[in-house]
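Okay, so chain A shows up in both of these, paired with chain B first and chain C after.
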Partner chain A sequence: MSQIEKALTAPHVIEYTYKRSLGPVLSQFFTALRERRVVGVRRKDGTVLCPPKEYDPDTGESLGDMVPLKDTGVVTSWAWVAKPRPQQPLQKPFAYALIRLDGADTPLLHAVDAGSESRMKTSMRVRARWADTTTGAIRDIACFEPVD
Partner chain B sequence: MSDKKPEEKEGPVQVLQTPVRLEYVFSAGQSASRLLGAMAKGKLLGQRCPVDGRVYFPSRGSCPQHGVPLDGAPVELADKGTVATYSIVRIPIEKVPLELPYVTVQVVLDGADTVLMHLLKCDVDKVHMGMRVQAKWKPREEWTSSVENILYFEPIDEPDAPYDSFKEHI
Partner chain C sequence: MRDVAVVAFTQAPSVRRDLDRNEVEILIPVIHELKQKTGLKNEDVDFVCSGSSDYLAGQAFAFVSGLDAVGAWPPVCESHVEMDGAWALYEAWVKIQMGYAQVALVYGFGKPSMGDLPITMALQLDPYVLTPLWPDAISLAALQARICLEKGVCTERDMAERAVRDRKNAKDNPFAQVKGDFTVDGILKDPFVVSPLRKHDCAPISDGASAVILAAGDRAKELCKRPAWIRGFEHICEPLDLGVRDLTRSRSTEIAADRAGVGKKKIDVAELSAPFTHQEILIERALGLDDGTRINPSGGALAANPLMAVGLSRIGEAASRIWDGSANRAVAHATSGPCLQQNLVCVLEGD
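So, the complex of A and B:
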């Protein structure tokens, strides 16, 4: 059979409109974000998890002792995104980074708007840039930016 | 902290929207493109297996049983067929042009040896295995290279097909 000129193509979108019930601990985290604050949760040994968890990852104990944190921190790891995709947090080259906020012992995944890859460095200091309007979601922090 | 003003208090945030959206460009490939091109002309093209002669519709271009390419001349099929099995749907789904409750059917088109899943416009109390049905096409001016040219199937006034003619599909 003869080959056809060109295979047909069509856009194909799959979308799942999930809603997640937050529970008491994450509810406090997202409510704080809406107020442009960050909170973590304290474990029995005194260390602080941010993002907070409902249960201690080592012991399984219930957690709920919320701790206010600063919106500054340190990059512990990062990856440069040279060509952002439409759903990503910034529409210009940026870094995804693990950021340990001041007062926390675990890192939070977020975007860093550093302008260029050469400015990114593990151990660099960053500060949250808050969104103009907040809704109680992780994007209430628009991104982080380097602190000189 | 930020010097921007906090939002008005609205009670605690208890639910998070976390949509997952996957945007693909689907390529139909050679075989399905040929089938869809024929759909635009109101034709149903199947493909015959060179090993056992079974006719596949819709065809993916190779025989799933023998692993050989289906590269012979396409086989034109009737837009009539036999209901092999069916299911009654009572929960709405987007883009279905029938009112609830409606019927989904596995149709063996005349000349084909595989089933086609489609909708049947029919009183849900009347549908049965072996029922003879025919495609209801969109108006010709709305035809595109899409399987959606067929809106649904409808019962036709023909005697039921014998069980043996479709039993392998149930």
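So, the complex of A and C:
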């Protein structure tokens, strides 16, 4: 019997062979992130949601009035992750935080690179640290960092 | 409305890691015991409904194999929800209300030990703005706990008291996983898992399963001496985005409790499915429970947390208190989604 030198292999890639649209509101949010900007959406009562939503979570009304926001904001709650998992945004101790961006009325979730837990505080101010390359995804913001 | 009752309940012991058995093998003795207890055969059951998650098994349509535990012959009328078995029970209840069934078998099962559960739970979040950040379930609960602590909704002591109570109650529950005598001062000395949550604030990770028989009218009376009649049943969902919700209360539980009529009469026993201590406090308040109610005589979710079965087990445990006569009116609660996003409330009464 001849020796098998190399096993036969075939690629098997699990994929969705179609494109998904993010819709009229989230697509503007992610396009803005790619350009290192943040936008929210204004509700009928004047308050601004960020991340923006296509429909008002309370009334179900269609939303589409986009509002430019700053990439700075304030922490409304946080959780200290002492041992990050490989999938998580930072590979050193960090905080997940709810961050209300300047100009928005609702907070978004992201990571804060504060170095140590003692630097974390509710109501602390933070600024986005942008990723080196942006692709139109939530991780275009690499994380937030404290503003001293 | 038809009179529908919970007439039988069985469960597997909750364990941190069932090394020898797959999900179906955990489920088989639970279903068999249920059939034995009631004398029901497959042909006596009009509808079968299950709750489980393919994400735990890591395999599409994993729930189908659960039917092997029921038996494939004669053919069954069957459905499944990718939710806790408590919602499968809701579907079966609707089916009976519609007149399509008289007797239903409901089961839930899960083996979360096969993966890293707190991370697996990130897959239930918004796929664009949340999941890519992989916030684990404990971190999200910790964000909520900090808001509750800083706004004075509860204290770390209040939270530890829930863990002590539930673990003590669980000593009488042979199926519970975390049990024993602890002191508030003792467990408050433990380190944080994810600040501000300590180990005792988090429900254990449990492999397990449970099953229930629902029956209508006279059929219920034939199957059970003192049926636990469902007198109120509702479930309500809140937005997925934590940022647009008031995390210091459980609005959906409040609305569900109101519609299910929880506050109409005294509640003797409550079985709560809160996977974190601060959430147990929020649910107690949303249900309007006071000292007159025995909370979690089984130990609740903080003592045994077989994902996808834990809510169904709350209904089974609450019904058991009606059957043994220790309660006339009981409420069971189940939850789904991050930080108590969706909640189910079931009111059970004796005759």
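One rule holds in what follows: the second predicted complex is superposed on the first by the 127 of 148 C-alpha atoms of A that agree within 3 Å, B and C clash if a C-alpha of one lies under 4 Å from a C-alpha of the other, contacts with A are read in each partner's own complex, and residues count from 1 in each chain.
Keep in mind that, in the parts below, a residue touches a chain if its C-beta (ideal position, glycine included) is under 8 Å from a C-beta of that chain, and two chains touch if they have at least 3 such contacts.
None of these values were measured; they are calculated from a predicted model.
Trainee: Quick check on the superposed pair: does A:Asp71 touch chain B, chain C, both, or neither? Answer first, second, both or neither.
Mentor: First partner only, chain B.
Trainee: After superposition on the shared chain, which partner residues are touched by A:His110: those of chain B (first), chain C (second), both, or neither?
Mentor: second
Trainee: Once the structures are superposed on A, label A:Ser118 by its partner contacts, choosing first (chain B), second (chain C), both or neither.
Mentor: neither
Trainee: Which partner chains sit in contact with A:Phe30 here, chain B, chain C, both or neither? Use first/second/both/neither.
Mentor: It touches chain B and chain C both.
Trainee: Could you tell me if A:Glu15 is touching chain B, chain C, both of them or neither one (first, second, both, neither)?
Mentor: The answer is first: A:Glu15 touches chain B but not chain C.
Trainee: I'd like to know which partner A:Gln87 touches here: chain B for first, chain C for second, both or neither.
Mentor: A:Gln87 contacts both chain B and chain C.
Trainee: Applying the touch criterion given at the start, work out whether A:Trp130 contacts chain B, chain C, both or neither, answering first, second, both or neither.
Mentor: A:Trp130: touches chain B, not chain C.
Trainee: With both complexes superposed on chain A, which partner does A:Ala7 reach: first (chain B), second (chain C), both or neither?
Mentor: In the superposed model, A:Ala7 contacts chain B only, not chain C.
Trainee: Common interface residues of chain A with chain B and chain C?
Mentor: 22, 26, 30, 87, 137
Trainee: Okay, in this complex, where on chain A does chain B touch?
Mentor: Against chain B, chain A makes touches at 1, 3-4, 6-22, 26-28, 30-31, 33-37, 70-71, 87, 128, 130, 132-134, 136-137.
Trainee: What does chain C use to touch chain A in their complex?
Mentor: 116, 119, 122, 128-130, 132-136, 138-140, 142-144, 146-147, 150, 192, 194-197, 239, 241-244, 247
Trainee: Please output the residues of chain A touching chain C within their complex, sorted ascending.
Mentor: So the residues of chain A touching chain C come out as 22, 26, 30, 49-51, 53, 57-58, 76-82, 85, 87-89, 96-98, 106-111, 117, 122, 137-139.
Trainee: Spell out the residues on chain B that touch chain A in their complex, using ranges where they run on.
Mentor: That would be residues 1-2, 4, 6-7, 9-10, 12-30, 32-34, 36-37, 71-74, 145 of chain B.
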